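Per-chain numbering from 1; labels A, B, C, D, E, F, G, H, I and J assigned in written order.
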Amino acid sequence: MKKAGILNRHLAGALAELGHGHGVLVCDAGMPIPVGPRVVDLAFRAGVPSFAEVLDGLLDELVVEGATAAREVREANPGATALLQTRFPALELVPHEELKSLSANARLIVRTGEARPYANVLLRCGVFF
Amino acid sequence: MKKAGILNRHLAGALAELGHGHGVLVCDAGMPIPVGPRVVDLAFRAGVPSFAEVLDGLLDELVVEGATAAREVREANPGATALLQTRFPALELVPHEELKSLSANARLIVRTGEARPYANVLLRCGVFF
Amino acid sequence: MKKAGILNRHLAGALAELGHGHGVLVCDAGMPIPVGPRVVDLAFRAGVPSFAEVLDGLLDELVVEGATAAREVREANPGATALLQTRFPALELVPHEELKSLSANARLIVRTGEARPYANVLLRCGVFF
Amino acid sequence: MKKAGILNRHLAGALAELGHGHGVLVCDAGMPIPVGPRVVDLAFRAGVPSFAEVLDGLLDELVVEGATAAREVREANPGATALLQTRFPALELVPHEELKSLSANARLIVRTGEARPYANVLLRCGVFF
Amino acid sequence: MKKAGILNRHLAGALAELGHGHGVLVCDAGMPIPVGPRVVDLAFRAGVPSFAEVLDGLLDELVVEGATAAREVREANPGATALLQTRFPALELVPHEELKSLSANARLIVRTGEARPYANVLLRCGVFF
Amino acid sequence: MKKAGILNRHLAGALAELGHGHGVLVCDAGMPIPVGPRVVDLAFRAGVPSFAEVLDGLLDELVVEGATAAREVREANPGATALLQTRFPALELVPHEELKSLSANARLIVRTGEARPYANVLLRCGVFF
Amino acid sequence: MKKAGILNRHLAGALAELGHGHGVLVCDAGMPIPVGPRVVDLAFRAGVPSFAEVLDGLLDELVVEGATAAREVREANPGATALLQTRFPALELVPHEELKSLSANARLIVRTGEARPYANVLLRCGVFF
Amino acid sequence: MKKAGILNRHLAGALAELGHGHGVLVCDAGMPIPVGPRVVDLAFRAGVPSFAEVLDGLLDELVVEGATAAREVREANPGATALLQTRFPALELVPHEELKSLSANARLIVRTGEARPYANVLLRCGVFF
Amino acid sequence: MKKAGILNRHLAGALAELGHGHGVLVCDAGMPIPVGPRVVDLAFRAGVPSFAEVLDGLLDELVVEGATAAREVREANPGATALLQTRFPALELVPHEELKSLSANARLIVRTGEARPYANVLLRCGVFF
Amino acid sequence: MKKAGILNRHLAGALAELGHGHGVLVCDAGMPIPVGPRVVDLAFRAGVPSFAEVLDGLLDELVVEGATAAREVREANPGATALLQTRFPALELVPHEELKSLSANARLIVRTGEARPYANVLLRCGVFF
């Protein structure tokens, strides 16, 4: 088997397709996922796996040059806010509605089991060369 | 969205199909999954989600009347052994090779991210009437 | 097998996909279902299963924060009207034609065997966190 | 829409394929459905729709020249026994295990929401000419 | 097998989907069928099955509340004209070109083997409750 | 459109695949069609289209070097018997059960709407060079 | 097997679908085939089969009431010009670019192995009744 | 477009898959093609394209280390016999029935329009290193 | 097996489809590939296979009458610039953003493992007759 | 995009599925790949990518506990022999025919562009816990 990294067959394949500038939405279990983008549903039950576990797992794999979250996270979910701000010093905050419409053009949506509000981030892929 | 329970679209559908006597294998990330049974791949990274998290989540959903694990678990993985023995007082233990061949006839295989050895159990579905 | 809840494989999977704000149309057997949304066809014969049975089964499973029905139900179907008003104190009523066009953007359509007029309701999903 | 009869798109199509001698299993929600035969899953929740509702609906549509049920039904489910004996005076009774293996060769399996034991019958299609 | 009614597996399933207001085009073998609507191709050879046979078979199955044909039928095909006028006292006549564009929004197109001109009718489904 | 011949898209494609020695079963609506061979379902309603119409249509298209029917046809269906004997002077007659098992290896099964018993014939394709 | 006519399974099926007014593009191997129309690729190698062989084969099968080719054929390909003019006395000539855009709405594109320029013709189907 | 070689999309892809020892059957239009192997149907009409054209086109593309034909070709088809003997000095001849059963294990079957008997050859792929 | 040329089954098939004027994008591993065009993913790991290996392989197979690259390549990637200028004396240079939007209409995208910036070229197919 | 590792979407997904004991065949372009196992075709042209490049790339990703190659490699391909012996001190050598039959049970086959003989190795996956 693989030595390490992403063990999920669907996610591993989807990540390899990504190119520079592609959007990857990592979202909580309640996010209304639009029809269109490819979805990898990792959610099992409330909280499993968590937004933080999945985000950090993806950050080990992907070159990321930008991140956008919903402004409402700051008030509703301090934990996610702290996580996002430490991971993305230049985090962009937009209204949740705008994040949802931006997500319709994501190339990949990774759904977690997160059950705390506004734990969503739209990553913009960078490139390692 | 759902109030509770299984949030994974693939797993939720697969569980609803199960009937009395069907086998459900819950396995670690290293189990060589045979071709044939339906597979729901919840694995994300080593340990995420864990065998325990997924097993308990499934036991909340399913009527289970029997469970079979690999004898080798007792020595190799005390944690999983303790978990299995508390959950299934009448746990059946067979050689790992036999568990693998039994699993080829499972109706559903749920792959976790578990990265500790022999954390596999073949559940036999019961019926609530 | 499952202990309780939704036993239909198609519906169980479809419900797990739903997110906050997604629309779910529960409709009678005569509703002209638009092409686009996912459809779970539970209808068997006239009246089986009924609108009430299916609606209540779904309300046990889903967080619902809004409901819209056709104004014409009040006159044409007192039974359904009473059911809807007790289940949804803040029920919104719109012309049947508008309900039909709103339904084209539903994420899921659940068709019942109901054979009494205007027994349709467009549920708006809430979120449990 | 249709004037009457079977409203379910999957079932309506499946019934039209049946020929003389084909087997149709009508089963409760707990029956372990084998891989192979075509399945129409009408089950919604425990008891909905019932075995009786679905059986009678099918008997309105199909020419049936034989029926086989599990011997164990007599003790475990008087209601289903009475229903089966009135519908099929020449009802054949076999061990439940044999009914399960016979069902593997059914051409169609119709799953109901029935949640009372041994409410299963394997119908043998007749022909109207 | 079925006691009576529609024996075609594709058509039987398609009819069960229809709802109030859906369009069903019954057409001759020469009609240029648009891409989009579901098509059930019953045509075998010129004249087999005929427009009349198929139309009457469908009228036994469906609630129909309106019908539209091509004005040109009156001159080109007296037989079809007579059939349509007896079946649909309130038959609507439009230019053939308009019938073709209306047919692009039909939910179902049933192609017959009819080989006499303008033997086409766009039925509007009614509802039995 | 085509000038003449087979107008059914499914059948026209299937006939073109046939090679020397391939079996083509033309059957009535009640024949229990085995899983495996390709099926073109021309059946519409009882008697439409008839066995004779379809058989003669196929004989215009195909090189046929042999034909096998069920012995029981002679008693049960004089009309079909006469048709078969005129079309195939060297008609082979076997028990109906044998015809059914032979049909499992047919390359193509063409189902008609015929509703008179034993109107089935297994044609063996010839070759025109 | 078939007595005569089109032996290609894909083409035989596609031709049977055609209706009055549908476009059929017969083209050389270099034509940039647009995404959308159904394509039957008969091309094998340069020149095999030729434009003339395929065109004449199709004209034996189809009712054709119109034909459009690229004006540039007259200068670039006398052979094809002569063929087209004898087959279609009322041949319409348009710029190659216009032929390409017209072809995007063809119902069927038949690609030959022709390797001489502008050997393309867009046929408009007629109807035999 | 391609400079030369195989222009058929299906065939070009299929040839690239071939490995050392794989069987490729090149056959006439009447050969009863078994279910199983991949089929590329180049046949258009009787004789188009010919067995010779296709065989020589394939021999330009493929490393071939063996060839088997039906013994009956010598008497029934001198032309094909001469072609095969010049192309394959070590041509193996077996009864036609044996060639048919060998062909069931071919990796690829290329159907031509050839309409002269026994114009079939089973090529065994070689390897260029 | 094939004697030479493209050994990849997906690419070999895709190249055969190309026509005069079709676009083929050969790109590095970081290019954000748009949804729509057919993609053949040859990338294995960073640098394997290289842009140069794949480009030259394709130029052996395809007639190319034009090539467009990103202006930024000149500064960021002298190696690729030199390669492109020798292969395409009339190389067109446009802003990278424009190349990306042009690529959305390519008929085929071939992804390499190239890991040096702006190693992308949009080829315009020519025709060999 | 990914930071490193396998960039091929098909291969990345396939590797994530592997479990302890699964076989992975890495082969040259001439290996006759059996029907059954999943195939990722990385081959581009003779030698691209090479057996060594792909093998080493896979060894970076996979836990491997065993390797089997064809005995004939020692004489026919010293380069591959040296590579295999350095990578797998306990390399098992079997007749090429046996390697081919073993490969039919591989879970994954990775085809390279290697064009030197017997450059094939069947890896047996290990597990990292």
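Following the convention adopted for this analysis, a contact is a pair of C-beta atoms (placed from the backbone, for glycine too) under 8 Å apart; a residue touches a chain by one contact, two chains touch by 3 or more.
Since we're looking at a predicted model, the values are computed, not measured.
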item	value
Chains touching both chain H and chain I, listed by label	G, J
Length of the shortest touching-chain route, chain B through to chain F	2
Reference interface H-I: repeating pair among C-D, B-J or F-G with over half of contacts shared	F-G
Rounded Å distance between chain B and chain I, as computed from the means of their C-alpha atoms	47
Inter-chain centre distance, chain D versus chain E - centres from mean C-alpha coordinates, in Å	34
Intercentroid distance (Cα basis), chain I paired with chain G, Å	31
Sequence positions of chain G contacting 2 or more other chains	1, 4-11, 16-20, 22, 29-30, 41, 43, 46, 125, 127-128
Every chain pair meeting the contact rule	A-B, A-C, A-I, A-J, B-C, B-D, B-J, C-D, C-E, D-E, D-F, E-F, E-G, F-G, F-H, G-H, G-I, H-I, H-J, I-J
Touching residues on chain A, where the partner in the complex is chain B	1, 4-11, 29-30, 41-46, 48-49, 53-54, 57, 113
Touch list for chain G against partner chain F, complex	1-20, 22, 60-63, 125-128
Complex contact set, residues of chain I against chain G	16-22, 107, 125, 127-129
Partner chain H, residues of chain J touching it in the complex	28-33, 35, 41, 43, 46, 115-117
